Every structure is written in C-alpha cells, then in structure tokens.
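Structure incoming, see below.
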Amino acid sequence: MKTLKVAVVGAGFWGRNHVRVLSELPNVNLVAVCDVDRWKADEVAGKYGLKSYDNSREMYEKEEIDAVTICVWSSKLAEETQKALKYGKHVLVEKPMAHTVREAQKILKIAESENLKLSVGFIERFNPGVKRVKEAIQDGFIGIPVLATARRVSRWPQRIGDVGVIKDTAIHDIDIIRFIFGEDPISVYARVGRLQHERFEDYAQIMLTFPHDKAAFLEANWLTPYKIRRLIVTGSEAIISLDYITQEVTIETPKQTITPRHEWEEPLKIELSHFVDCVLNNREPMVSGIDGLKALKISEAALKSAAKGCAIKIKF
Amino acid sequence: MKTLKVAVVGAGFWGRNHVRVLSELPNVNLVAVCDVDRWKADEVAGKYGLKSYDNSREMYEKEEIDAVTICVWSSKLAEETQKALKYGKHVLVEKPMAHTVREAQKILKIAESENLKLSVGFIERFNPGVKRVKEAIQDGFIGIPVLATARRVSRWPQRIGDVGVIKDTAIHDIDIIRFIFGEDPISVYARVGRLQHERFEDYAQIMLTFPHDKAAFLEANWLTPYKIRRLIVTGSEAIISLDYITQEVTIETPKQTITPRHEWEEPLKIELSHFVDCVLNNREPMVSGIDGLKALKISEAALKSAAKGCAIKIKF
Amino acid sequence: MKTLKVAVVGAGFWGRNHVRVLSELPNVNLVAVCDVDRWKADEVAGKYGLKSYDNSREMYEKEEIDAVTICVWSSKLAEETQKALKYGKHVLVEKPMAHTVREAQKILKIAESENLKLSVGFIERFNPGVKRVKEAIQDGFIGIPVLATARRVSRWPQRIGDVGVIKDTAIHDIDIIRFIFGEDPISVYARVGRLQHERFEDYAQIMLTFPHDKAAFLEANWLTPYKIRRLIVTGSEAIISLDYITQEVTIETPKQTITPRHEWEEPLKIELSHFVDCVLNNREPMVSGIDGLKALKISEAALKSAAKGCAIKIKF
Amino acid sequence: MKTLKVAVVGAGFWGRNHVRVLSELPNVNLVAVCDVDRWKADEVAGKYGLKSYDNSREMYEKEEIDAVTICVWSSKLAEETQKALKYGKHVLVEKPMAHTVREAQKILKIAESENLKLSVGFIERFNPGVKRVKEAIQDGFIGIPVLATARRVSRWPQRIGDVGVIKDTAIHDIDIIRFIFGEDPISVYARVGRLQHERFEDYAQIMLTFPHDKAAFLEANWLTPYKIRRLIVTGSEAIISLDYITQEVTIETPKQTITPRHEWEEPLKIELSHFVDCVLNNREPMVSGIDGLKALKISEAALKSAAKGCAIKIKF
C-alpha cells in the first residue's frame, strides 16, 4: 500500500483530533506534530509516538513530509499554509483558510503554481447526512428547492478568540448551501450583534439570494446554551431536514415522513481519508481552494452588509 | 346577562367558522349572516336559524345589530369595514384589514371619530401557545431575545385569489413577532417568488430588524405540501419553540428540555369571545386597528424591499 | 335516502357524544334520548330538538324507533340491551356489553332469535390507525408478528364506578389484539391492583398467549396522570406502533422509520355510521356480539388469573 | 497513585472493549490478555503492548496480576472465574456469570472463602440514565411505582451461540428492575419462542411480580431488525422513561414533559473504573456476586415457567 507522510501543524483541540484520526488511517505515516506552544506539541507527540516541533519551518527542513494539515488559529492559517506550500507540501487547511479574501487568493496562486493539492477543512461536506440531502435534492425528491434554512448555534467556545461567528461558524453553512444548491449566491443581507464576545460578533443572521429564485437563511451564534446544528431545505414537493450532529435526515412529503436509518460516521475521518486519497492518487479534493475562497468572500460580504445595513451584491 | 347582537359579513370558509363559534357564545345573539353570494348566505342562515342577506347595507337598515365580524375577500375588507363603521357597528375585520395602508388609515379614522371598537382578526394572538411564549420571554426564561424565526407554510389554499402570501399569511407572524418583542421593526429586507400562483407571490422570505439588536426571520409559502406553522425564539439563555397548530410550547435550556402540557383551545373562540367582551364592557381589544395598520405597513415594506432588492426602513 | 329512526339510551358523558354524532349523520333520524335522570335527558333533548324520556320501556312504546345505542352504566348495559331487543330494536351497546359472560350469552341468544343486529361499542376498531396496523401486518410489512404491547393509561375517570379497569379499559385492547392477530388467545396471566379506587382494580397487567407463538402484553390503569393509549406490534422484520389518540402509525424497519400522514377522523362517527349502515342495508356489523362476548370472557379469565396467581386457559 | 495489575481473559468482541477501556484508566497497569484462540490474543496484545496467552493458568503462574475481567463465552464463564479466584485474583465476570445457579453458588463460595472481590458485568447498572431513573423514583418524582416495562430487542448477534436471549439479554433488565425497585420478585411468568436460532429461545416475554403490588414486563428478542433498549416505569404520579442507548431520561407528569440534558458517558468505562476502585480501596462492588446469582435464578425460573406454562414462585 502506498502511504503518505503527513504532519499536523497546530496541537490544540482540533489539531489533536487530526492526529488521532490520521494515526488510525492505514495509508498514512504520521510523522510529526508542530505547535508554537512546545509543551502542547510534546504532549501529543508523546502519546502517538511522533516527532515534535515548535517551528514548522524547522520541521519541513528536518523531516520528510508529503502533506500537512493546518489547525492553527484563524489568524495564522494563511501564513502557515503559505509556508507549507512553499516547502512543497500538499495542504489541508482548516476553515476559514485565511483571514481575508486577499490572503486566500495568494494561497490559491501558490498552490496552483506549485501544482500542489489544496483543500479547506469544511468538514460538514463529509457529513454523510449532507451527501444524503444533496442526493435527495438531485433526485428530485423535494421538487424545486426554494429555501435552505441553517441554524448553527452553541455556547461560545472560549478557545476561539481571533475571529467572529460568521468566519468561524456560519462559514460551514455558507459552504454547504453553495454545495447543495450547486450555485453561488448573488447577494447577501446580514445582521450581526455582540453580547458576550469582546471583539467580534457572536451572533449573526444572514440571508443569501441565489439565482433561480432560491434563497437561504442562516442563523449562527455563540449564545445558545447548547449545540444545535440543523439544515432544512424547503422544496415545492417536500421538505428535507438534517441534524448535522446525529446525521439524521428526515424527508416530509404530503404522504409521509421518512427517516432513513444509518450508522453514524465520523466526518473528520472521511475528510482526512479523502484528502490523503486525493494526494496519493492525484485526484482533485472535493473541497477546493476555490470553495474556501468563495465562502470567505461571502462571509466578508455578510460582514459588510451588516456594517452598512444594506444588501451587498457578490461577484466571483 | 348582557348580550350583543352580532352579524357576520361573508359566508365563505372562514365566515362559517365565525358563525359556528358565535352561535355558541352565551353572551351573543347572532342575528344575521350576509354574503354577496345569496345562496351561501341562505345555506348558513338556514343551518343556524339566522336572517340571510346578500347586501350588508340592507342588513344594517333592517336589523338591529351592535357589532359585525367581516370575513369577505381581502380586496373587499376595507369597503365592508367602512360601511359597517358608518352604520355605527363595532367591527372585527379579518386580516389583512385592508388592501393598502392608505385604506387602513381611513378605517382607523372613522372608527375613532365614531367611537367604535375596531379589532383585526390576528387569530394567532389568541393562540394559547403565543401567550405562553410571550410570558416566558417576559419572565426572563430565555434571557435576552436575539432572533425569532417563523415558518408558516402550506399548500396553496385555492380560495385565496386576491392577495399574496405576505399579506395573507406572513402577516400573522409579522403581528406575532411585534407582539412578542413588544417593539416595532425598524427595517425589513425581503425576497419573494412565484411558482404556482398566477398573480401574486406564493413564497416569501422576510428579515426584520428590531431595535436593541433583535431580529426576525419569516418563511411563508403556499408551496409546501402540508401545513407547518412554527415559531422559534432564540435567547441568550434558552430557546423557546411553539407549534401553532398543536399549541405545544418547548423550552430548551442548557439543563433540560421542558414541554408543558395544556389542553388545546380553539383560538377563534377565544378571539371572538374577547371581542364581544370588549364591546359589551367597553374595553380596548387586545388587537387594535393600529396593530392591523402596522402589520400592513410592514407587509408593504417587505413587498417593496423584494421589488427593489434592498432593505427598506420602516417609520410609524 | 333511506333513514333510520334512532334513539340513545343514556345521556351521560358518552351518551351525549352519541347524540352529537348521530344528529349529524345524514341517514339518521334521531328521535329521542332517554336517561333515568330526567334532568339529563331533558337537557340533551332540548339542545338537539329530541323527545325526552326517563324510562326506555315508555320510549319504546310511544315512539317509532328502529335502533338504539345504549350508553348507560356498565352494570345496566345488559338489562337495557335485553329490553331494547325484546322491543325489536337493533342495538349497539357500549362495551363491556354486560357485567358477566352469562348475561352476554343471554343477549346474544335474544338478538339471534329476534333476528336483530347487535354490535358492541369497541370504538377502537374504527380508529383509522387500527385499520392501518391490521393492513400492514396482513400485507407482511412486519414479517411474522411476535408480540403486541398495549398501554392504555389515564387518570381515573371518576364517572366510572361500577366496573374495574379491565372490563372498562383493557377490554378495548383485548378486542383490538384479537382483531389484529385474527385469532383468540389460548391462555391469560394477569395481575391487578388497587391504589385509589374504592371497589375495583385500578391497574392491571395482562399477558395473553396466542396460538402460533404470538403473545400480547397489556398495561391498563387509572393512575397515570394523563392519557396514553398506544399499541406496538413487534414482528420479525419490523415494528409497527400506533398512538390511538393522534391515530399516528409508525413503521420502523431496518432501513428507515416511516410515519404516513393522514387526517384525523373521529372514530365514533365511523362506528355509528357503520352501525346505521349495517341496519339499513342488512349487513353484519364489523364488531359482533360474539366479539363482545369473547372480550368479556377474556376479561373474566384475567380477573380470575389475578385472583389465583396462575395462568388460566381460555376456551371458546 | 496506587495502580492495579489487571489482565483480560477473552479477546473477542467484548474482551477487546475491556482492553481498550482498561488501557485508558490511569490507575490500571494492564498486563496481559488471554484467549484460547492464540491469534486473537496476539492481535490485541500487539495493538496495546500487552503480554499474550492462550491459557489463563499459564498466565496466572507467569505474570503478577491482581485482578482479571472475564469475557469468554457464557458456557466458559464459570470455569474461568473459578480458576481466577483459585489463583487469588479479584474477578469481574461478564454476565450471566455462570451457566447455572449451581455453578454461580460455587463461585460465590470460593470468592467469599478467599476474601476476593467478585463482581458481575451488569453494565447497565453503570448507565448514567439508570442512576437518574433510580434517583427520580427514590425522590418520589413518580409517586408509587406500579410497573416497569423493559424492551431490549435487536437482530441476532451471530457471535452468541451458547445461551438464549433470556440469560444473555433479558438478564440485564432483570437485574436493573431488581435494582430500581430495591426488591426481589416473588414470582415469574414467561413465554419464549424460537424463530431463527438453532438451539435457544430467541424471543421472550417475562412478567415479574414484586412485593407491594409492583410488577415488571420484559420483552427481549433477537428478531427485531435494529436495536431498541428502553425502560418505562409507570408510577402513580408520573412516568419515567429511559433510552439505554442514548441515555436520555424523560419524565412525564400531569403538568409537563421534562428531558434533562446530560453528556453521554461510556458505561463500560464507569463499570471498570468502579471495579478497579473497589479492589484498590477494599470497597464492595455495586454489583455483587449475589446480584449475579439472583439474576440467574430469576432467568432459570423464567425458562421453567415458559416450559411449564405456569407462573413460578421464586425464593432466595
């Protein structure tokens, strides 16, 4: 079996999950973990028998690595991604990929010129429920889709300090709705507010207008005392709902309500497995750098809309 | 017991419900029913032992009537309401009360100058579940309210031909959200579409901005193959949901989910009973003409927003 | 249209429901109502424009009546049924039909010799959900049925004073399970208890053994603070559940959970309509006197089992 | 920190779970794994860095071990438990502990005379939901408990070949209901059947009678195409339900339905952690050998009842 030599940059909450999952993939040789906080890197490295670094540049120079996954803070994602690409590594960078559209564009250029795989960590794309929703819509089960409503709310995860709820949280649903509708939104209208966070918006309502009279409404916040992550797509013939957490899909038609039964599968495992597979077999990742760039662009337009109090047209 | 002499104008689907409920109220003497379609009026009058008219003017001149409820088509509501007021009758007019804000204003003036009770048929105000939601919010159960989301969807009721889904359907939730938040929205952004209806929008998405960083999102359509009527209010401490149809309220807190148990009560009975009581005892109806006017104004602003593709400020 | 001249014997809670429903059936000429409590009979008669009696014998002699429905107390059902049959009336008698198997047998004989229709008020047979469960099982949707579990619990209805929870309440499920399995039980094992009722058992657990290795478990009580009425049938391939109250049926298969959507229909209306139809068109009622007799026999065997602490064989 | 030297006997499906969980407990030094199938033992040992044996006697002689958990086939449990006890090891033996009551008694005697801890793997005792049900009942939330209904159904787990559904599956609920009621049943009535299994019953319905008019009904099978594991306790004031799988508890009172929110916790981790703690600190295990013996005795009485077709009294 061909195996891929992988390292993880960032050993925080999410980076550890990457390490855990990568360590179990049969075609991965997990080599090293890197974190600016040396103590964190050492701890994780010790548990999984990896090399430990507090400087990714040093890691790239000393270790033989094919690909990295980047799980650092939002404000450092672009910098680390560029570094990895410049060292010739294939990259899966966590969302939101970069702090600004401009940075994201730079990343895309480098990846393209270096001919490296670049994917963005929109993990919900690998939620089996999303696949089922997409297929049900494609197969015509709900008739003409009219509106997608997404709610993604939770208590504020204190660990996130350098980005607001739109670029951190709503961005998942922005990507998913683009994916499900198979189109890009043409305008956005949004409102944001801040109740507990010191610097960034901690709740947002976003309305996206799509071609062919489709629309989406997104509610995201860090206020709600427990996690809800749901998607409802209203069609002319039926309604399909997804609980992202339980992965349960429900289709309501005039005649009946159906809930298919499926085993829960870990989306991160599917995501990382797919990325590894793309690199090893030279396939295009399902989530491209362009997807990351577009979601970021829509997020920025939403923030601009909220600041100006008017709808913003989006051009790609 | 003091009794009120009442007539019903309009013997269609909803007017018949008025007749059925009024005929059972102990302090009502239901006198007559009127419909331009003589046959309809006769049929209802026969079943309940009432006088039958096909001309309300004639009815007002021949019968001794204190108050009327007006259940004619949307486009005729204002005309019939003005007529009734001019004949000195207290009026409960079905929503949307009038076809335009201008007409509604005229109605309010007449009612005021004639010193007559005027109420608008926002029946959901009398849904016991709405009262429970309002109380829970007032009592601080959900902390600071942030967003109200309302879905009111159903197959197109073919009987409605002279008004779109905003003024016919979404207007219920526009009124309820004003009531629950205890404030008027300051701006509206909306999108509408038409899939099956020949003249009017049959689906709409409306986003309302309220003072103090509250917002509301309304989904209304005549496409969905079965009835859903739901309200969710997200607060900083809890989420409260209402199924308007079952009247079931659910409060989700970090610690638990609670669903109080209550007997279902017919909102129309509570509404008409309240109106009769207000006339008999000279009290102000819970739903005033002003409420009707404001909901209509917001509906018109939503339609204007959809036409222009931008947010519209609302001033009262 | 042929119409049937009907009277109702018993103007209590349930008799009034009979009157309300019969008064709306197009092929019924509801003539009179009778109750030993004259005041009750008069009140109902006044509301629906009927003749009022406090003595059924007198009613049968003075009025022209084809059929009666009998809604008196359990301890008086047999007596009133015999009287009606002797006067040549077709009878729908409320469950449990008689106080003892012996009385029930006598009733059956009279009905047969007089060639009169006799049906017993097992209203759940006319619950549309029961029909759907029966059809699903017949169509093989659940594979081989193994166990039916019925729960029928509620707060003690104070109006019931002359019979325990088995003959009043569990008897519904005894009949339904016979109907659904299409067979009679061969033995019964039961336990009963009394927490609040002064004379009769107010909770019971009954286990029925059927041929071909099928079994049923019934829980019935008057203790539970609110109404639950549910049936679950476990099969070798799927599970089918019914909420008798909402009439919602759910089928759980290895692949999915399906809940068909149906309008709620009033079982009493279907039941009385069916009975009237059987008399008018000389058809056999779906629920026969034999069904009443068998349910009573099983109930008595359950009480005997509980008293003796052992399983009792049932022979028909 | 004191640590306990532990070995696992049996490296099948469930033994591997023991190894996984024990390897993560901080106060455990997991030494070895043993399976008659050498290949299985080696595989697990390799993954977790343990010693591997195919003969437990050899393991006890060569390794320094304080305690073992025994996860072999039901028919071998008693033999392996006796061996371990004779070698002076504390033992947690998987249910049903032994194949017969007689064997179980022998085990208890040895454990007592050797002064060793003995516990039985009734894992549901460590389901946090069970604790909540027990506490709610003790705190009087449901009034007087009247009936416990347990359903534990699933597709036949092919790996189980040496015991029927009562001793393998229903035994969990037998133990739980004893625990929740705080009493032993005084009689049992049961029915069993066999649809797919070659030797043993694959479905069973069991009715247990407890003192003070409490009863329990248990449904267990290996026919139902997917897993359901539920417990409902009906009380005079409320009903409490548990989904063993999601650990969700629901309390239905006349006023409301409450579902407390809790994080899911792995029962096996709590169970093994408790056992280790009991050995290290010389405390009595929550599930004693007596509990195992009693559950087995009730299981045997159920099988006897089914064979004889009558209720069987149980004496301890």
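Order of writing sets the chain letters: A, B, C and D. Residues in each chain are counted from 1.
Everything that follows uses one rule, which is that contacts are C-beta pairs under 8 Å (C-beta built on N, C-alpha and C of every residue); 3 or more make two chains touch, one makes a residue touch a chain.
As the structure is a computational prediction, the values presented were derived from the model and not from experiment.
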Number of hops, chain A to chain D, where each hop joins two touching chains: 2
Touching both chain A and chain B (chains): none
Approximate Å spacing (C-alpha centroids) for the pair chain B, chain D: 59
Inter-centroid spacing, chain D versus chain C (mean Cα positions, whole Å): 43
Chain B and chain C, separation of their C-alpha mean positions in angstrom: 42
Contacts with 2+ other chains: residues of chain A: 226, 253-254, 261
Overall pattern in which the protein chains touch one another (line/ring/star/complete/other): ring
Which pairs of chains touch, using the document's own definition: A-B, A-C, B-D, C-D
Residues of chain C defined as touching chain A within the complex: 253-261
Chain D-facing residues of chain C, complex: 144, 146-147, 149, 151, 153, 155, 187, 189, 191, 193, 195-196, 203, 205, 207, 209, 213, 215, 217, 219, 221, 223-226, 228, 234-239, 252-254, 309-311
